[in-house]
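To keep things simple, chains are lettered A, B, C and D as they appear, and every chain counts its residues starting from 1.
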Amino acid sequence: MTADTEPDTADTTVLLTGYEPFGEFSSNPASQLATRLDGLDRETYTIVGRELPVVFDRAAAELTAAIDEHDPELVCALGLAAGRHALSLERVGINLRDTSSAGVPDNDERRVVDDPVVADGPGAYFATLPLRAMKAAMRDAGVPTRLSTDAGTHLCNNLLYTARHVSETAATDHEFSVGFAHVPLSHEQAAVRDEGEPSMALETMQKGVLVGLEAACKQESHPDENARAGAE
Amino acid sequence: MTADTEPDTADTTVLLTGYEPFGEFSSNPASQLATRLDGLDRETYTIVGRELPVVFDRAAAELTAAIDEHDPELVCALGLAAGRHALSLERVGINLRDTSSAGVPDNDERRVVDDPVVADGPGAYFATLPLRAMKAAMRDAGVPTRLSTDAGTHLCNNLLYTARHVSETAATDHEFSVGFAHVPLSHEQAAVRDEGEPSMALETMQKGVLVGLEAACKQESHPDENARAGAE
Amino acid sequence: MTADTEPDTADTTVLLTGYEPFGEFSSNPASQLATRLDGLDRETYTIVGRELPVVFDRAAAELTAAIDEHDPELVCALGLAAGRHALSLERVGINLRDTSSAGVPDNDERRVVDDPVVADGPGAYFATLPLRAMKAAMRDAGVPTRLSTDAGTHLCNNLLYTARHVSETAATDHEFSVGFAHVPLSHEQAAVRDEGEPSMALETMQKGVLVGLEAACKQESHPDENARAGAE
Amino acid sequence: MTADTEPDTADTTVLLTGYEPFGEFSSNPASQLATRLDGLDRETYTIVGRELPVVFDRAAAELTAAIDEHDPELVCALGLAAGRHALSLERVGINLRDTSSAGVPDNDERRVVDDPVVADGPGAYFATLPLRAMKAAMRDAGVPTRLSTDAGTHLCNNLLYTARHVSETAATDHEFSVGFAHVPLSHEQAAVRDEGEPSMALETMQKGVLVGLEAACKQESHPDENARAGAE
């Protein structure tokens, strides 16, 4: 938000993706956030916001295309998890696709049970964003935030696993850190559903994402201080 | 929001109370709302906002004094219920004081078990604000809202019962309708506690209260359309 | 379970009712318990177990007929509350019928919204069984048990209110104490539903009911030690 | 339970482990089950039941020693997860140790944050017991059961990961399938805690374990029908 007189070559590019609506939901705070934050220029980072399709056969390809186009240092993906009460920074993506657990197919009506994300891929990848530093900053900003070790077995887990796999296997020349955050229902969604689920204001989610990304950018430029999210 | 040419003598005065912090909480969204909305002048109503002490021996007296001073047509009291996910419009106050169920005394360290609110008082009073109309309007505004038949046995229930008892027994000459709403934890409170509880943005609570009061004022001026909250 | 040589004139008769299946449930642990415990002869009490219809127009009449026929000293009614994790001893029945909150009509497809249980009846009645003594004994026996101030607004609340109203208004000559306990889903029900709800073994519910009734009978014979559940 | 006259060479040996009490718990249904089922001889399998210490430095060694001693075809480990409402068949163990998420150290007061279970080990291992067949059989028997992708980051996850690592890396000559099930609190534990947590009868847990193991043994002898739990 500052107008630097110098060229912003030191600026970090963040690719922020958010899944489109799916299943019974006519909106998705994940894509709302990615869309409204697209183009935002902060002191330490610039956001490229993109909506991704809730489709196994297309999400990874669109993500990779966006990485190739924008060469981000950070990739942060967002997805909706109805029932969660806090922003959930997912620590691990597992090599498993199973739409039966969520009870809803992807948006191409595809159902998969107990398939791998990547045949012969490793059992799991850990997120490489500095999740603990992000969580601390987000909580300090008043945003309920948790680390999670359960990204599910649907497209959210699929995206975290895939993005990490891409970064590990040189399917691209780019180097980037990867994280995934589940967001709760928005208050507006919960007001209509009335199923007793927790929810969060979209403004609060946005504050959490921005503060978390800022903490991530600071850590990236001081990697020695990096508290790793996982154990790899 | 309209510029009436007549003097606004027809304006409705709303007494909005909110309990002070108690127990383990250093803040309380209930009193935050009452304080920040004090003096607000809307098209159909004006708010007198007052914080009330979480003290059995003083809350009712301070409420009655505020009623005598401001002669409100509507009395809406707010209290915090950690664990709730929605604004809860309480339908009934029962003649029971029991601090053991919440596990926390009042702010004068007073503990009571199985005492009546009013000796020889009736078993319960129902709220007289038009709770269904309020709920519908609040949900339409995107605010998670529920009717509840469990105001607990602590000061919140105590206030709903007392306010209705005052209005029924002519302890005052004033005529007024009464309601009580439990509010969830604010996001800021939940971020610090990290106990897995739902929370709500203070701005969203505020929107809900304002929209709900507007619906209540409309109903008050058309009592025939009144959908009664209770069965009296 | 003892074989008294004396006539058991001192024996306490307990009327234990349980609601029949309703809504989406093909069984109901409440009626299962009432049926399997019918005729049980314990040292301090004998149980008359009766299933009651989930029908507003018939439940109260059948309850009153059973009271007239068996002249019980204690009336304990059971109902199912999916979502509860513990046996819930309900402290209060309110004068309100509202099937909309549970979202299911009665078994005659009758829907009522915001009607009184008894026109011109008091706002609420408190249970008169010694709930605290019962809870303590049930927990000591390893049965999760809670006091509750929310019996809902469906037939369960209706029965508690009605039974107390009958005992107060001399619709019968009999004198009896009244309580109502909500039971969780049975494990078998929860296994089929798979909706993430808590459940309890039917054997554990049964143990809780028997131990609770024993505690109630002891209190009844020593009324001075009675810790009243409510505030009347 | 049958007394075969033939030698039981076809019999399957199941190593059933259960963690000892830890943290605030003075008992643990996991070790209660392992202890009470030790030596049980069923038609299709025999159980060797062993309690394991909740100690990072010892649990794996004791497990490996028991495998070496008893040469089981199936290894099924049990651990307690307060807050769960169903038996949870864990699908995946991740290479992460973090006692901070549960907020409790191991029983040697050891706290670890973001360490790997096995340095340079793969990100995760999937369970190799036929979890879907087990779940179906357990539910049919009336036992609430779920698949889970979140074994946590404490000793339970550690054991699932370790047992699978041992089986993959020929730290032993033995071939065996591995599974891990989280059990809820027992009713007795929940009755004392009174923290609103779901619970399950120990008898029901036992039935679930026995039925699940029977389903697993049947699948093991017909591997072609095997519905794999994971994606490896």
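Just so it is clear, contacts are C-beta pairs under 8 Å (C-beta built on N, C-alpha and C of every residue); 3 or more make two chains touch, one makes a residue touch a chain.
By chain, UniProt protein names: A, B, C, D = Pyroglutamyl-peptidase I.
Just so it is clear, the model here is predicted, and its values are computed rather than measured.
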item: Shortest contact path, subunit A to subunit C, counted in steps; value: 2
item: Taking each chain's C-alpha mean as its centre, the one farthest from subunit C; value: A
item: Inter-chain centre distance, subunit B versus subunit D - centres from mean C-alpha coordinates, in Å; value: 50
item: Rounded Å distance between subunit C and subunit D, as computed from the means of their C-alpha atoms; value: 39
item: Between subunit A and subunit D, centroid-to-centroid distance (C-alpha), Å; value: 32
item: Interface hub residues of subunit A, defined as touching at least two other chains; value: none
item: Interchain contacts, given as pairs of chains that touch; value: A-B, A-D, B-C, C-D
item: In the complex with subunit A, residue positions of subunit B that touch it; value: 85-86, 138-139, 141-146, 187-188, 190-192, 194, 196-201, 203-204
item: Residue ranges of subunit A in contact with subunit D within the complex; value: 91-92, 94-97, 101, 114-117, 122-126, 132, 147-150, 152-153, 157, 227-232
